[in-house]
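Common to both upcoming complexes is chain A, partnered first by chain B, then by chain C.
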Partner chain A sequence: MFLQQLINALTIGSLYALTAMGATLIYGILGILDIANAGAYLVGAYLGWYIYYGTGSIVLAFLLSMLAVGLLGILLQRAVYSPILAKPHTLSIIPLVAAVGLFTMSSDAVRLICGPNSKAYNLKFPVETLRVGNVVILPAWLMIFALTAVLLVILWFILNKTKLGLAWRATAGDAEIARVCGVNTDTAMALSYILGYGFAAAAGIMTGILYNSITPALGEVPSYKMLAIIVLGGLGNPMGTVVAGLIIGIAEVFLSVYTAIPIPKDAIAFVVLIIMLLVKPDGIMSRKNKV
Partner chain B sequence: MLEVKDLYVSYGMMEVLHGISVTVKPQELVSVIGPNGAGKTTLIKTIMGLVKPKSGQILYNGEDITHLPAHKRAGLGIGYVPEGRRVFGQLSVEENLRMGAYELKDKKRIAENIDKVYAIFPRLGERKDQLASTMSGGEQQMLAIGRALMLDPKMLLIDEVSMGLMPIMVNTCFEVIKNLNDNGITILVVEQNANKALKVADRGYVLETGNIIISDTAENMRKDDTVQKAYLGG
Partner chain C sequence: MSSAYLYSILATATIFTLLALALNIITGYAGQAMMGIAAFFGIGAYTAAIITTNGGNFLLALLAGMLVSGIFGAVLGVISLRLQADFLAITTIGINFVMVALFNRLKITGGTLGLTIKKPVLFGVKMNNTYFFYMTVILIVVLCLLLGKMRRSWFGMALASINNDPGAARSFGINVSRYQILAFTIGTAVAGLAGGVYAHRMGFISSSDFAFVVSIQAVSMVVIGGLGTLRGPIFGALLITSLPEILRFADDYRELVYGLLLVLMVRFMPEGLIGDDSPVWSALMKLWRKFVPKKKTRADLIAESVEGGR
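Our next item is the complex of A and B:
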């Protein structure tokens, strides 16, 4: 029973990490809370559904949807966020309001174009369930866990082992000095958007597969829950976000299974966040000396 | 080598540099001294392309770089040691140096330049894998200078190297600056510590509330009554 819940929790937690990663990458470089990531998650899930039903290939659905939504992210950055941030003395609330607007637009656009009813992925796996002793593992969980792990390892590799990643981390630390060193900071921003929005799209498709249903309201819960996760992970810290996503996944599953607390499951992330902020206000993996 | 001509800079409505001109000839060490808020950092940042001037010109080796984007100036051979050090705190010492060499493609040359910096500051070599944020102020200053040396600069712009450092570290830093200049690097220093800055310099400027009020050889400036009273505590 315990092991069963742990596997369940890790699956959900890794999905949360992937969902929130875009917001973390964008906060790290631009210092803005981009709620519209939840829109990328929603649009990605729908785009994936259409591609899956058009081509019959889930692999194509993932790849094309991630690519398209990632490019959409770069477009939004160039067309919306960069112009706002280029204005002198921009209040930090302004890009946040823009992001809320974009998210609302994306939800309603999906509702108008794709209709208000839910759609099912009905993805067929070669086996229905895997059994290891008493533990039941759904192939969907296995796929989510493996795919998320692969994407996060790719991210880790890019950030820590490539010159582009070095430039990203330097820009996140001090954008002005990174520019003086020769980094075109637009490139670092574009990296944040294409990876962040692409990851959100993948997370959207996986959620659709996991619950076998997508609706135009799919982005609502992630839009606020990812805030709890990125703050918990220490705002703008990618590895912190992974840990935070897993913590929230574990807390949700175990608290709802083993305790009788009378709060909704989706509120648990915020209870964890509040406790965390009281105990360690910088987040679990705080970036020291961040200017 | 570097010519700043009639430079006007303002932040919003407030003008902070009112048409100043500064020249640095090849191999020279020039100090700009002046009180806090005189516009010294603004001058350096404008030369680096981080602040846009309202009018005026910046020439580097005769080339007009006034409107060149900041990230394209790194390749020109101007190294920048910013005020307050501003090392990348979440990066290791060696990664900081690699950022200084961001423009270089040649891996062998990057490795050679890293070794060169470690030879000047052995301390950095001992701590190459440490996060920059965990080092002392003096070590961070060494790292900031080392980072600026990674592109084999022809010229260095150094902003307030003495700020927040222990006196012994201040002396070390000025010795290093003097040595680099003796090795052929042209240097422009802006500094509140007028005493130290004028001791190592060939020429100097006094910048006050956005105007250059004195320009002379460093030797004459040290003897100048106004400079002595206002900046040398004499």
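Our next item is the complex of A and C:
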């Protein structure tokens, strides 16, 4: 029973980590709390559904949806976020308001275009459900583990082993200095958005497959839970985000299974966050030990 | 449009004006990122509602709602001292979600069923939308007078300096912590008052009335109108609450338009429609000056005499 819950928690946790990764990458470079990432998650899930039903290939659905949503991210960055950041403003919530506006728009656009009813992926897996003793492992879980691991390794590789990643890390450290040293900070911003929104799209599709249902309200819960996770991970720290995503996944599953706390599952992330911030105001991992 | 309907819209609009003004004290004047004002709106609403449903006096209930909300706000103010802007924004979002969850679970707040509140009787008159509208207008006028006074006071100037640069303010010997906590306390107390009025005007409240969306709405009102001014939040609140009526013909596209409006506003006019330095407000002021020449202040007179003497 315990092992079963743990596997369940890790699945949910890795989905959370992937969902929040986009927001982390964007915060690392632009310092924006980009709630609109949850919009990318929603749009990605729907786009993936249409591609899957159009082509019959789930691989194509993942790839095309991630690419399209990633490009949409760059478009939004160029058209909305960068111009807002270029203007002098006193308050950090100004870009957040834009993000909220974009998220509201995306949810409503999906509802208007795709209809308010839920859609099902009905994905057939080539492998059977695994049974080890009395522990059950669904093929969807295996897919989520594998895909999350692959994506995170790709991210780690890009950030640590490529020139592009070096530019990203330099810009995240200090954009001003990076620019002076000849780093193309625009490329770093574009990288944040294409990877961030692409990851969110992948997470959206995986959530759709896991629960076998997507609705226009799919982005609501991640929109705020994501914020709690990126703060727990130490704002702008990709490694911390993975740890925080897993912690929240575990906390949610175990607290709701083994205790009778009077708080709904989706609010647990914030309770953990508020307690954590009061104890250690800089997040679990401070910005210094970046990937 | 029947007048009863008009007054019901007006009553809603004025209550949200009060809420927007409350948020403006924290976010506009003190510059603190508050994204969960609806939680305090809710605390005030439930406190007042619980008191009157148990036979308490309406006005005393409003005061109690203010007080309880203000106490919670003071605690948040103390917490805010430890957090930088982005952490504070997320923490306040979190507080909003946790409070809604609690409203939804606790027995005293009626749980998922919510609370039904009898319309209060004030000075022998049973309150309806028309009276609620007048009452809220009076509250807004009093609040605006107080806020106008506050801005010119030592407290207001201290807040402005903290908003500009907390470090510099501290180096001038301004007690940043104390003023910041005070701003949170006053702002959340006013939000609690708005909540108390809201609960009695609606006659029924449930946890969804105080969801995160409501906080976002309040933020939009303040940002669209113009952060840190008195006229901005009032204008923004009236605009946003009347928007559903204006957009009735496009009922299905309401949220889409609403989101688009937010994006366009902060993209092209982050200072708000009629905030200081906004093109609209500057043009209006120019027009105003054409008809009403500026009264010469002492400083102007001195400047003139200096120039004349040269």
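Here is the rule we go by: the second predicted complex is superposed on the first by the 283 of 291 C-alpha atoms of A that agree within 3 Å, B and C clash if a C-alpha of one lies under 4 Å from a C-alpha of the other, contacts with A are read in each partner's own complex, and residues count from 1 in each chain.
We adopt the following convention: contacts are C-beta pairs under 8 Å (C-beta built on N, C-alpha and C of every residue); 3 or more make two chains touch, one makes a residue touch a chain.
Fair warning: this is a prediction, and the values are worked out from it, not measured in the lab.
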Exercise. Kindly classify A:Arg131 by the partners it touches after superposition: chain B alone (first), chain C alone (second), both, or neither?
Key: neither
Quiz item: After superposition on the shared chain, which partner residues are touched by A:Ala267: those of chain B (first), chain C (second), both, or neither?
Solution: second
Quiz item: Looking at the overlay, does A:Pro83 come into contact with chain B only (first), chain C only (second), both, or neither?
Solution: second
Practice problem: Quick one: name whichever of chain B and chain C touches more residues of chain A. | Solution: C
Quiz item: Between chain B (first) and chain C (second), which does A:Ala167 come into contact with in this model arrangement: first, second, both, or neither?
Solution: first
Exercise. Considering only the touch criterion stated at the top, classify A:Ala178 as touching first (chain B), second (chain C), both, or neither.
Key: first
Quiz item: So which positions on chain A get touched by both chain B and chain C?
Solution: 89
Quiz item: Of all residues in chain A, which touch chain C in the complex?
Solution: 27, 31, 33, 80, 83-84, 87, 89-98, 100-109, 112, 224, 227-228, 231, 235, 262-264, 266-267, 270-271, 273-274, 277-278, 281
Practice problem: Name, in rising order, each residue of chain B that touches chain A in their complex. | Solution: 12, 48-50, 69-75, 80, 82, 86, 88-91, 95, 98-100, 102-103, 133, 147
Practice problem: Enumerate the contact residues on chain C facing chain A in the complex. | Solution: 27, 31, 33, 35, 79, 82-83, 85-87, 89-91, 93-95, 97-98, 101-102, 104-106, 163-164, 212, 216, 219-220, 223, 227, 252-253, 255-256, 258-263, 265-267, 270
Quiz prompt | Interfacial residue positions of chain A with respect to chain B in the complex | solution = 88-89, 163, 166-167, 169-170, 172-174, 176-185, 287-291
